[in-house]
Amino acid sequence: MATPLQTPLQTHSTMTSEALVAVIFLPLLGACAAVMPGRFPARLGIVAGLLPLPGLLVAVTLAVWHDGPAWLELGGWAAPLGIRLFVDPLAVLMLWMVAIIGGIAAAHAWFDFPPGTGTGQKFWPLWLLLISAMNALFLSADLFNLYVCLELVTLTAIPLIALAGSKTAIRASMRYLLLALLASLLYLLGVALLYNATGTLDLYLVSDGLGAAPPMVVTTALALISLGLLLKGAVFPLHIWLPQAHASAPGPVSAVLSALVVKTAIYLLYRLWLWSVPATVAAEGALTLLAVLGAGALLYGGVLALLQERLKLVIAYSTVAQLGYLLLILPMASSSAWPIAWQGGTYQLLSHGLAKAAMFLAAANILHGLGSDRLSDLQRLDQRQPLSLFALAMAGVSIMGLPPSGGFLAKWLLLEATWRSGQWWLLAVLVAGSLLAAAYVFRILAATLRRDDPTEARPAAETRSIPAAQTACALLLALLALAAGFAAAPLLEFIEAGTPGTWSSP
Amino acid sequence: MMDWVLSATALVLLLNLGVGMIRVYRGPTPADRMLAALLFGTTTVAVLLVLADWVGLPALRDVALLFVMLAAIISVAFAGLPTTDEEER
Amino acid sequence: MSFGWQALPLHIILVSVVTAILIFALGEQRQHTRTLLNLAGALLKLLLILIMLLAIQAGATFEFRLPLLPGLDLLLHADRLTMLFATLSALLWLVTTVYAIGYLEQSPNRARFFGFFSLCVAATMGVASAGNLFTFFIFYELLTLATWPLVVHRGTPEAFAAGRLYLAYTLAGGVLLLIGLVWLHTLAGAGDFIIDGSLAPIAAGNENALRGVFVLLMLGFGVKAALLPLHSWLPRAMVAPAPVSALLHAVAVVKAGAFGLVRLVQDVFGFELAASLGLTDLLAWMAAATIIYGSVLALKQNDLKRRLAYSTVSQVSYIALGVATGSVLATVGGLVHLVNQGLTKITLFFCAGNYAEAYGIHKVEELDGLGERMPVTSVCFTLGALGMIGVPPLAGFITKWHLGAGAITAGAPWVIAVLVASTLLNAAYFLPIVQRIWFRPLPEEMAQRHDRLGRIRRAALITPTVFVAVASLGAGLLAGIPGSPLFWVVRLVGVEGP
Amino acid sequence: MIGLAIDSVLALGIVWMALQTVRSDSLFQAMLMFIVFGLLMSLAWARLHAPDLALAEAAIGAGITGALLLVTWRRLQVHGPDDSNGPRLMTRWLALPIACASALLVIIIGWTALQLPAVPGTAGELTLQRLEDIGVSNPVTGVLLGFRAYDTLMEMAVLLAAWLGARAVATEFRPGVLPGPAHAEVPLVGALLSLVVPISILVAVYLLQAGGSAPGGAFQGGAVLAAGGVLLCLTGRLEAAAQASALERVGVILGLAVFSLTGLIVMATGGPMLALPGVWAIYLVETALLLSIALTLVLLFAAAPGLRRAP
Amino acid sequence: MNPTAVIYVLTAAAIFGIGLYGLLVSRQILRQLLTINLMGGGIFLLLITLGGGAEGPPDPVPQAMVLTGIVIAVSATAFALALLLRWQELSGSSEVDGDAVTDAVTDALDDDE
């Protein structure tokens, strides 16, 4: 049923293959370089590992744009014997997000973790490995390889959280680690069953065998894999580890965690349910169930975000909520509005990533400048850190789904899809979710404009200055989130080309 | 016949292990537990050697060899542990 | 997509946006540069609008198109209705800016204030020149975003409470609007909505869907236009500084809602279609109810600005009433009130601001005898009040005359009754104020007080007040000559109306 | 019949050990049970015709993991209040439903797995058919360094990440972290060391070269070598250092770097990515992997950024 | 499926379940790590048994998966133990205050720092 399986496939020119491989291996080797002592290897590793990524992705994007999705067989072994990489518009989109958000967050981190010295020595190898792991994950077409990638993402992300060093951070890391390991095991158990039911580990060949396998086996396997991914992706009600972990991590790490790392699990859920599961498996109910969880996330996360007293916790709970949007589109997979829903979902993926990363970077600047991120301490932020506030507000506009922003276009598409497919409950959830988002974003903004002390006795010097470049990083991401509200048409066309095959209703 | 003898031997050795398990479980002193655990290593080696023939995998003798070596490490690791009140019980 | 001459509406928006960005960037301290920048921006914008006005008179067309989503473009264009609203808001921006410079002298956070003020005006220009409902919605929401910091500007708990209420209403309204838009989009497919009669071909069989869309859109616009029962945010927002009130009531926000209703009836549905679906009656009744209700509540208010606010609730609905009544004359009455109400109400708010700044007066009963202490302001206030009541030949009269005459031609004589009742109520809540100002003695303690204004500030506050008062006077007295608002509206309706 | 009896005894033992690991009151006892569980698992692998796994389980599962757990437990004892006998379980009202849910899951998994039919044409069958293309006769090595070499490479990255993570959280070096050097004074320990350490190197090399045709390979060999290193740590010959030396850093990234670069060079010369050109390349990569695995495991055991010789 | 396979499949399922139960109800982090390793053992056993280990040499692909899995498990355990040491250093306890699951829920509303 999936598009890529029905179209004749080709491996693109070697140039593209090399670009794909480089996207994974440059940061990986960069990490190796950053392990070595001294400033130079670290800087070399960072620059060589991150800077070429956009250029490589241009080549990959053009190739996918012109010739469609492509495989790359590693070692020259065809699936199911070997492992292959698969690149399609969705994967390209994710790679771009890693390159842009990972790159900008890295620029932000450069100042807090100077390469090659002190904490920088600990930070950069992990960071580069994380980037490499996410790129590998988005490209991998093999269920077991994805398990390894998931573990690599987990085992690089958690130490990065722990680098914050606070008691809360260590505690959150510990809990995240235990639950992430549990999630991986559930995933692995499901994969074990799938392999024995189908004889293959290839994400896109599994579907061939699933029809013949006993339904009970398929159900159990898919349920276990999904459960694991829902836990890794912090989907309500399995989100319990996320808020503290994301809120207590160092700023750039929070940005990447919320914008990219949790998305890896959602991405795999998409791959599993929209590519691997064939139409013969009655998946309608499962997709609706996932959407119900998404709706729960949207509402619960929104309400909880509204109750938090610390800025970073508000943003973290906002992540819990916003992930819900990504699951809401699933029940529309069998409707005629699916291409619109797909565009809306993926555009939400993109704009939330940009906006959320901007918010976390801005929050890091604020925390660093003010020494606190309690909402009650944010008074007169417009005087003290106007640019960080500006970034926060711009990103907030996108999170709320108000124009002009990428978030607005995503919300429009989602609304249109729900309307066209007649899924009224989804429509209601979308509306409620966006109103909740508006409530918590404006709550932050209100806290920053408040002036309990009208005489302005507070000296301006209490604000610690932060490097202009760090402010610029947050601003840049926020502006990108806004720009996503203008330059959508070609991007959406590209996304639409990769819409997973539309189902025929059983 | 040979097969029967081998498998019976393996079973006896395994049951032997089970008795050892009881000692590890019951204690009462850490020394009891440690000795039982060391006995374990030895018996495991024996089981592996029997299995090598019964299952028909000579490579299992390598495994047995490995266990012999590791037994030394585990015993040092045990010996290095402090005795706590709980274990003196 | 071209950024040249054709894209003039975009450039007019950008003038305000750039002004806003520069003001933000300048920071709090550079007061003189900011003032200069502000005035330059306002003047440049006014100039560009005048050029565009002349060009349109000469038959030029303007269009800027940027594809945002497949089948949905950001479209800016300029028709006569655009020009009516754009000219009004640009002119009042200039005036209000001058007034605000004087009003906010020495108060904190001026950079923020003027920055968001400029953004509001940019959004208003976007609303005016939106070429389709999608674009309209974008700028409409932008307007919400840009006005919120102004509403909460004072930073007090009351200000934030008002801000919360404002957001609750406008964002909920935005959601209704959005849903209506999505619905309309799925019905009518791709394309621009503001094409007269474009919905007629699909009307058959979709009557109820179109009714649903109309109601949703009407409620969405109704929030900002303060239609009953969606009005209660407006009086609460009175905690904001006087220039903000002027902005909310006259320049941008309420007007954007009313303008949306005009676009909805005139352009999106077309009067014929809306009337045939029974929708104009609905709107007319809601508007009539709002007119009466607002006036009655205004009567009860003791706070001057709150009384003015309820007056706005009432008066803005004249616009909707005129458009919904449908005949040419009534439409003229409604549209001309867009301008007349703006000029008159801004006069009144400036005066209220002057009283508050000079003597700290907020209540109606404190106004006794102020005519002798603040003659200029008081004369302006009186002119505004009389204009609101509709005393001939002032601006309000022009509106009411056309509305009444139009209602008769449209066969809706009940509108006359509404007008009469409203006029009596207007008189009932305005005349006592006028009477207090001129015919009550000044209290003893007031006689000893001096006003708190310096010379320069007084000039900065009085000049704009006089200017808008004269303009509103002119809108009534000189309604017959070419160039007057009535002149424009008649041409507009003559060419484009139903 | 006796075969079944063996299987039953082994299976019961495994389940019982697992149960005791969860249930026993003292944490120390739970760890012992877990180590015994590892031993029995190793026997199960032997029974299930998987000597590669038996080797790996013995060396890594029971050996290294067991030593790691014990030594961590000891550090916890030394550096903190003894709460290993504190409340073991969470509130009881939740424990019962969790037990029921777990039991249900066991039934579902068991039932599901028993329903699985044999599927023809699996990846494993293909592997056996195409093994000669790789050039090694041990199919497991063929998969690990041939058909699914990419997994192995990523797995090395995971190992590296674990060390990086441990280094990131080990903020300060605390003396006495490893069992004290008191054992160095015991005469027998020195003799033991002089015997076991060379043997571990020998066994590691043997396993490495055997890996091509017989069970063994870089992982098992690396673990055995690491076991030797662990012994040196345990007896105080090696101790934790606050910084890794350059040589250690090279060692840690060696496997990953050599593997990736070999793959990239092959691709640069026109071959497919990660296709190792011939058996010599496999051995080259395996040697690098072995060194990295051994060093990383020892470092992880020490929970320290680096190691140095005890004075 | 031959009886040996049945025995080991059931054993695998049982270990996984016991591990899961232990993970969810334990308060001690060290024990939680033990249980995670138990669960992993269950999965590995299932893979090999289903891969035909009861009859002869099992499918090499699951064998490779298990080998990889064992190394990943030891890596994760080692890192977790390092993190545990750090946690104890900061908090003086080797438990994440209270229960892994219920506590996280109450965390939702509390912020300590």
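So that you can tell them apart, the chains are marked A, B, C, D and E in the order they are listed, and the count of residues begins at 1 in each.
What we mean here is this: a residue touches a chain if its C-beta (ideal position, glycine included) is under 8 Å from a C-beta of that chain, and two chains touch if they have at least 3 such contacts.
Please read all numbers here as calculations on a predicted model, not as lab measurements.
Under the touch definition stated at the top, chain A and chain B share these contacting partners: D. Under the contact definition, chain C and chain D share the contacting chains A.
Hopping across touching chains, the smallest step count from chain B to chain E is 2. Pairwise, the chains sharing the most contacting C-beta pairs are D-E. Nearest to the common centre of all protein CA atoms is the CA centroid of chain A. Averaging Cα atoms per chain gives one point for each, and the point farthest from that of chain E is the centre of C.
At the far end from chain A, in terms of centres built from Cα atoms, lies B.
Taking each chain's centre as the average of its CA atoms, chain A and chain D sit 31 Å apart. Averaged C-alpha coordinates put the centre of chain A at 43 Å from the centre of chain C. With centres defined as mean CA coordinates, chain E is found 14 Å away from chain D. Separation between the centroids of chain A and chain E, computed from CA atoms only, is 26 Å.
Multi-chain contact residues of chain C, defined as those touching 2 or more other chains: none present.
Under the contact definition stated at the top, not a single residue of chain B touches 2 or more other chains. Shared interface positions of chain A, defined as residues touching 2 or more other chains, are 144, 148, 151, 155, 158-159, 162, 170, 173, 189, 195-196, 201. The complete set of chain-chain contacts reads A-C, A-D, A-E, B-D, D-E.
Across the complex, chain B is touched by residues 2-3, 5-6, 9-10, 13, 16-17, 20, 24, 26, 28-29, 32-33, 35-36, 39-40, 42-43, 46-47, 49, 51, 54-55, 58-59, 62-63, 66-67, 70-71, 73-74, 77-78, 82, 84-85, 179, 183, 189, 192, 196, 199-200, 203, 207, 210, 214-216, 220, 224, 227, 230-231, 234-235 of chain D.
Residues 3-4, 7-8, 11, 14-15, 18-19, 21-22, 27, 30-31, 34, 37, 41, 44-45, 48-50, 52-53, 56-57, 60-61, 64-65, 68-69, 72-73, 75-76, 79-81, 83-84, 86-91, 94-95, 98-99, 102-103, 105-107, 109-110, 113-114, 116, 118, 122-125, 127-128, 139-140, 142-144, 148, 151-152, 155, 158-159, 161-162, 165-166, 169-171, 219, 293, 297, 300-301, 303 of chain D are the ones touching chain E in the complex. Chain A makes touch with chain E in their complex at residues 144, 148, 151, 154-155, 158-159, 162, 166-168, 170-171, 173-175, 177-179, 181-182, 185, 188-189, 192, 195-196, 201, 240-241, 243-244, 247-248, 304, 307-310, 313. Taken in their complex, chain A has these residues touching chain D: 14, 17-18, 21, 25, 28-29, 31-32, 35-37, 72-77, 80-83, 122-123, 125-126, 129, 132-133, 136, 142, 144-145, 148-149, 151-152, 155-156, 158-160, 162-163, 165, 170, 173, 189, 193, 195-201, 209, 213-214, 216-217, 220-221.
Residues of chain D that touch chain A in their complex: 108-109, 111-113, 115-117, 119-127, 130, 146-151, 154-155, 157-158, 160-162, 164-165, 167-169, 171, 244, 246, 249-250, 252-253, 256-257, 260-261, 263-264, 267, 270-276.
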